[in-house]
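You will see subunit A twice below: alongside subunit B first, and alongside subunit C after that.
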Partner chain A sequence: MVLKIFFPQCCNRADSGLLVGRWVSGHDSAVVLAVIHYPFIPGQVKQYIQQLQAQSGVELSVLGSWSLPKEGQEGLESFIRDLSTIFPQEPWLQISRQVGKTGFTCEVLGRDQIGKAAQQEEEEDEEKVIFVHYEQMKVMLSQLHPIESQNPDNRSEPPSELRQMFQTVARSELLFFLDRYDDGPLKSTHWQSEGREASIIVELLKRASVPLCVFISWLLSVWTWFCNIRIFSVFPLSFLSSKLSTCVQLNYRTEHLRTLSSPRAAEGHMEFMRKANILVSVLVDVALGVLLMSWLYRDENISTLAHTLVPAADHVARQLEELLQWLMGAPAGLKMNRALDQVLGRFFLYHIHLWISYIHLMAPFIEGILWYGGLSACLGLTFALSLLSDMVALFTFHIYCFYVYGARLYCLKIYGLSSLWRLFRGKKWNVLRQRVDSCSYDLDQLFIGTLLFTVLLFLLPTTALYYLVFTLLRLVVVLFQGVLHLIVDFINSFPLFSVGLWVCRSYRLAEGVKFRVLCDEPGTALHLLMEMNPLRFGSVLQTYRTATYSCYPKDSWGALVRKLFIGELVFPWRHKTTKTD
Partner chain B sequence: MEDEAFTDISGKPITLDCQSHSSFCREFTVSSPKVSIGKVMVYTCSVWLVAYSVFFFTQNTAVLSSAIIVTLVGMMLYIHFVKVDHESLLVIGSLGLQVSSTYASGREVTTFIEMDKIRDIVINEAIYMHQIIYYLCVLMKDQSEPNGVSGVVPLFQSSKPRLSCLVKVYKSCQEVVSRCQ
Partner chain C sequence: MGADGAPSQSVPWRKVLWERQPFPDNYVDQRFLEELRRNEGIRQYRYWAVVKEAGFVGQQLSCVAVFITLWLYMEQGLLAPEVLLWTSLSCAMLGYGLHQALTSQAESGCETRTHLADLQSAALFLSFTFGFSPVLKTLTESVSTDTVYAMSAVMLLAHLVSFPYGKPSPPGSLSLNAALFASVCLASRLPGALHTFAMLTCALLVFALWPCLLQRLRENAPCQFTGVCVGVCVGGVGGLASQSLGGAVLFSLALVSVTLLCPLLLIWLQRHKDNIQGPWDEAEIHEDLSNFLH
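Up next, the complex of A and B:
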């Protein structure tokens, strides 16, 4: 079998000493984590390793010896070779390197060979060893995707060799705390042996975050108490609050803040990324909202907006009136049924007149409403957009009403027509069997049925035209609201922190590894360089997207067209519960 | 290191390069023919002739500049995303298999498959209309079934070498994989 030794690049020039690492069970490979230098006392080394094993939970052991002979250290070789007796282990590795040569030589001593004089191993054993060089910092910080669940009971088979290697390095963080400025008895070489790096800003933020979390959770508890007051559970208010997108967005953000302000540190990679993404999303949201506010509240923009709104509403109403007048005449050359036309047209005209008086009534308050509504942007751009969407829904309420009236009328007509058509052919809908059966009607039933059928058929174009016009108007409004909701959804769910990590530190999100063969000399062992293979952008988005409330229609396109054709009411979005990917 | 000339399934010449780094580590590189300058010139000239004739009738200079931009952007996208320069297979006994394709612009896309997940490497045949195409593929192990195959990863998808080339690669791979299992 081929023996694989994962060797850190930082130890390539380390002084001679002992190799500390872990044997990966079942795979014939060893992960070297650090080199402990001469001089050392073997008892202290054993104690140190046992202490680390207890603290970190990784099965550390002394794997073998490493020798990079320098001048004046000839006696070291035999000393280090004799150490194999003190640390009885499974195969004892003796890795040595000559200054100036790039290749390593490795001798593997089995259990029965420990203690005997170093024998000349056969040439072919040298070739049965692979050295895989890895960069320790990158392997320690990176996370292999797809991420497996942390619970070991759920997994059906043991993790693969590479995953075990990554986990070993990641969990051995304590081993890397000993740097060369420590005054302890042992000196080791690993990626942090030149000195541990830390950032003052990060440490300060960590300290400051604790009281901040406490404060935010207190605020949230006050807010939750306020929301749970009994008056809000009364029917109209609870119905409204589930329909208004502002309330939904408020609830959503409250959940996020609750996740953020929990005092427990994030355990596991996914939870950490989720918290970071939520934090960055909230900050970006608030920043964009403040930007919007700074534009809105300067140069009298609000009063300009308010003064254009009322004339715009008047203009829309006038256009609608003209449209109705056109429909009441002979639209597109079609000849309408005069009586029905007049009835429907007058009904809708009166409705528009009511709406315009309502707008004029509200005109003096619009500026105030806009001013206070703009304040909501300080909570975030998403709130401002949700408020805008709600206001659009409120101001186009009459279009919604028209659509409902037209749709109901049309729907009734279509049902009547289909049922009377069946009567015309001598069939009937069997409710019990849910199918069409033949039926023998009396003569007077047939007579009245045929009469009604012709009446409804000739009135169909008029109703259909009104229905078409108002459905189109409603769809335009729905489209506009849909765009707003899409933007809000995008800001809510885009994992900005993960994308930033992918751009700046792409080794932290690894899809896998890639190997490169380092130039080797024939006759020596094979040397490979292991590098991180970064995740693709699409996978980053898919893995780290924040779950959001769904605002997509639950009907497919085909079902939507069918509903429109029959006249069933179309509700473009129903807020489902939080969609989890 | 040997370099031999083979053909792919449409008859275009390709080269196979076998490198043996050690007794259990081998690398195979299949190189496709490069972008020919003649074809590039023909496409560019035809696009610009069409653009010039449209300009002649409409006298709108935007047509010319848009033709230039379209040609440049199209060429850049082609060499970065479409044209594969060479594909390589690195077999490391008892560690795994690395499959990588390099595009004409130098971009490399690499996948590493661990030895634990590989059931076998075989030459499979596919029937496409009137042709039978041979391709080399890796059979992946299925966790639930001991003798099942959970997926197939085809190798050398862009260069599509013929059977003679595949047989050579197959024999070499099997030596390494069987020795280390």
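Up next, the complex of A and C:
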């Protein structure tokens, strides 16, 4: 049998005393948390330990005794041995260390062995003891991944030994309040004895955060009341607001701020990390937005931008007109039906003419729009980008219209052709059985069907070409919008705080532990040093990524190509609704 | 007779599966294959009967030839579209009258189509074709001539191959559609919309309505049927001859080979026929519903 004792490194040089800690049930190991020094009154120690147990929920107990004999303390050895009678504990550990030597010696006394000599145990296997040294502060602050759910009822098997050890140290924070420099009845040594860490700025922020949270939640409630006014749930407005990415981003950030401004503190590691990530993300967003604003409003950049916008739109329209003229001729030597070509080309040219007039009408207002729109960047870079995406969508609305017309025409044609091709062969689509069956048609059906089939077949190249051209244009616009959304999504979801923690204090995110041998001499117990194995970068991103309404492709490549071939309208990006934990 | 040199025993061999016999498993006796029947359902063809049936195929070939001739005339401007139109309409009337006369001799109560329904169909055809003829005319404008000719040729071939020679009256979908497709392709090459309309009416007549009349003739007046076939063949050859002599020669060669040579080949190859039937064939179920009808 091997007994593992987790021993804090801060207690290596502690004065003699009692070991306080916890036996990990079922695993034959003990976690030492602190050493309580002489002088003490056993009754007070028991009372203290019971009080701590009630408050923290950890099953603390006195594990044994620790002796580091210094000059003038020789009589303590027998005193220590008598202590085992006062604290009835199942195995009683007696750990001692000589100044100058690296190894510890440990004797384990069971309850029935107290008072007997140890040499009666030599016939049986001696209990092997392994000392695992750990750094208490790091283990207390660290979180073991993968994180288990908080609900103890959901766990199917009891947590592993390592997890229990980490939890024990993390939950025993109350033990670490009294240290040996206090004037209380008990003096103990633990990691805080080296010197308690505190920072004035952190304390001030903590004090100031409460009224700030109250204020922000009041603002949010006003905003929510405003958004829920009945007039906004009328059909066109609610539909628009679900499509405009600015509104979506607004809702999303409102949710975040609501999470941040809730008055109760974060329970559990995941909630704390989430709040921290959201806060850092909002701050970085606003900082980037202010940077953008400072560039935009300086040196007349806005008017320059406005003055290049209208000529750019004109240029795009002229290019489109040229394209249509090319299509109305004989593009790439393809066999176009002249009459249909002329009809479609003139129809689209008229649309472009309408759109150009609209742009020229809006020309004087563009600068004002840009100026006020740029103000939205103070809310964050994501808002500016969402606004840009929406404006692009608005300005390329005519391309979207052309695409829809072309796609509908093409889809109708393909559908008619496939149905009439079946008629050509004398077959029919059986809707009930979802298969193609033979069918005997009447003479008039055959006649008209064949005529229509011929007409549709010969008009196919013309329609297909228009459809192809407008689909490509639409896909270019969609791609650009997709890139903007990707950037917004990245800023929204990247867990900057977690990554910063991983860089600076990597022990706080631990994937596991690694052991280093400190002292392995025969005759003494094995001493190992336990160090944290930090989490990999990929796991950090995956675990702490903020859930967003991210856009990702709705269809696989094969399905997308098939939809384009048939002429079904494609909306390549789909918004995922925000997951709620 | 035995296999693997098995000795003939005093116990005779029985063709049963369940009994252990002293013979090897692949033993056969002298009654082997006595139930084999050769060429049971073979028919004896007579040359002239087959030629008469093959005449129908030749007739259909000639129909296609007549149609192509008419198109050639229209394209060269030798035939005015109005002439063709009125001729087609009057032929249609004549054919309809003939069809009704032949029908009333045979079953009179089985046909459910009234004259009104026929008139409706005719009106539908004509109006649809007339309405679409400007569109149809511009369909193959940008397609090259060779492609149009190749497509028409393939489609007419498909029409001939898939024609229901056994029972032409409900027209087969693929054959009729292929013929109409070819006629639309050819008709769109003509100079005017009226030409297209006339051509399509003619195509409808030749490919859709003529086989119905032929079916009636074949049922009710077989001798006249043969005469009509011969007449159509002669007309086809003559029409082609007026346009190109080489084409006519080729066409008559084709006719002769289909009508006269192929039956000869069929009868000559009968001697190599070797069908075997026996008790190993799949069972055919002859439904006898007389038990249920009483």
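By definition in this document, the second predicted complex is superposed on the first by the 563 of 581 C-alpha atoms of A that agree within 3 Å, B and C clash if a C-alpha of one lies under 4 Å from a C-alpha of the other, contacts with A are read in each partner's own complex, and residues count from 1 in each chain.
Following the convention adopted for this analysis, contacts are C-beta pairs under 8 Å (C-beta built on N, C-alpha and C of every residue); 3 or more make two chains touch, one makes a residue touch a chain.
What you see is a predicted model, and the numbers here were worked out from it, not measured in a lab.
With the C-alpha superposition on subunit A as described, subunit C and subunit B fit side by side in the combined arrangement. Residue contacts after overlaying the shared chain place A:Phe365 against neither subunit B nor subunit C. In the overlay built on the shared chain, the residue A:Val513 is in contact with subunit B alone; subunit C does not reach it.
Contacts of A:Phe347 after superposition: neither subunit B nor subunit C is touched.
In the overlay built on the shared chain, the residue A:Tyr415 is in contact with neither subunit B nor subunit C.
Of the two partner chains placed by the overlay, neither subunit B nor subunit C lies in contact with A:Trp295.
In the superposition on chain A, contact is made by A:Leu451 with subunit C only, not with subunit B.
By the touch criterion defined above, A:Arg338 lies against subunit C but remains apart from subunit B after alignment on the C-alpha atoms of chain A. With chain A used as the common frame, subunit B approaches subunit C to a shortest CA-CA distance of 43 Å.
No residue of subunit A contacts both subunit B in one complex and subunit C in the other.
By the touch criterion stated above, subunit B contacts subunit A in their complex at residues 21-25, 27, 90, 92-95, 98, 100, 110-112, 114, 116-117, 143, 180.
Subunit A meets subunit B in the complex at residues 1-2, 4, 28, 127-128, 130, 132, 156-157, 160-162, 512-515, 517, 520, 526, 528, 533.
Partner subunit C is touched in their complex by these residues of subunit A: 330, 335-339, 423-426, 440-441, 443-444, 446-451, 453-455, 458-459.
Taken in their complex, subunit C has these residues touching subunit A: 121, 124-125, 128-129, 132, 135-136, 138-143, 170-174, 176-177, 180-181, 184-185, 204, 208.
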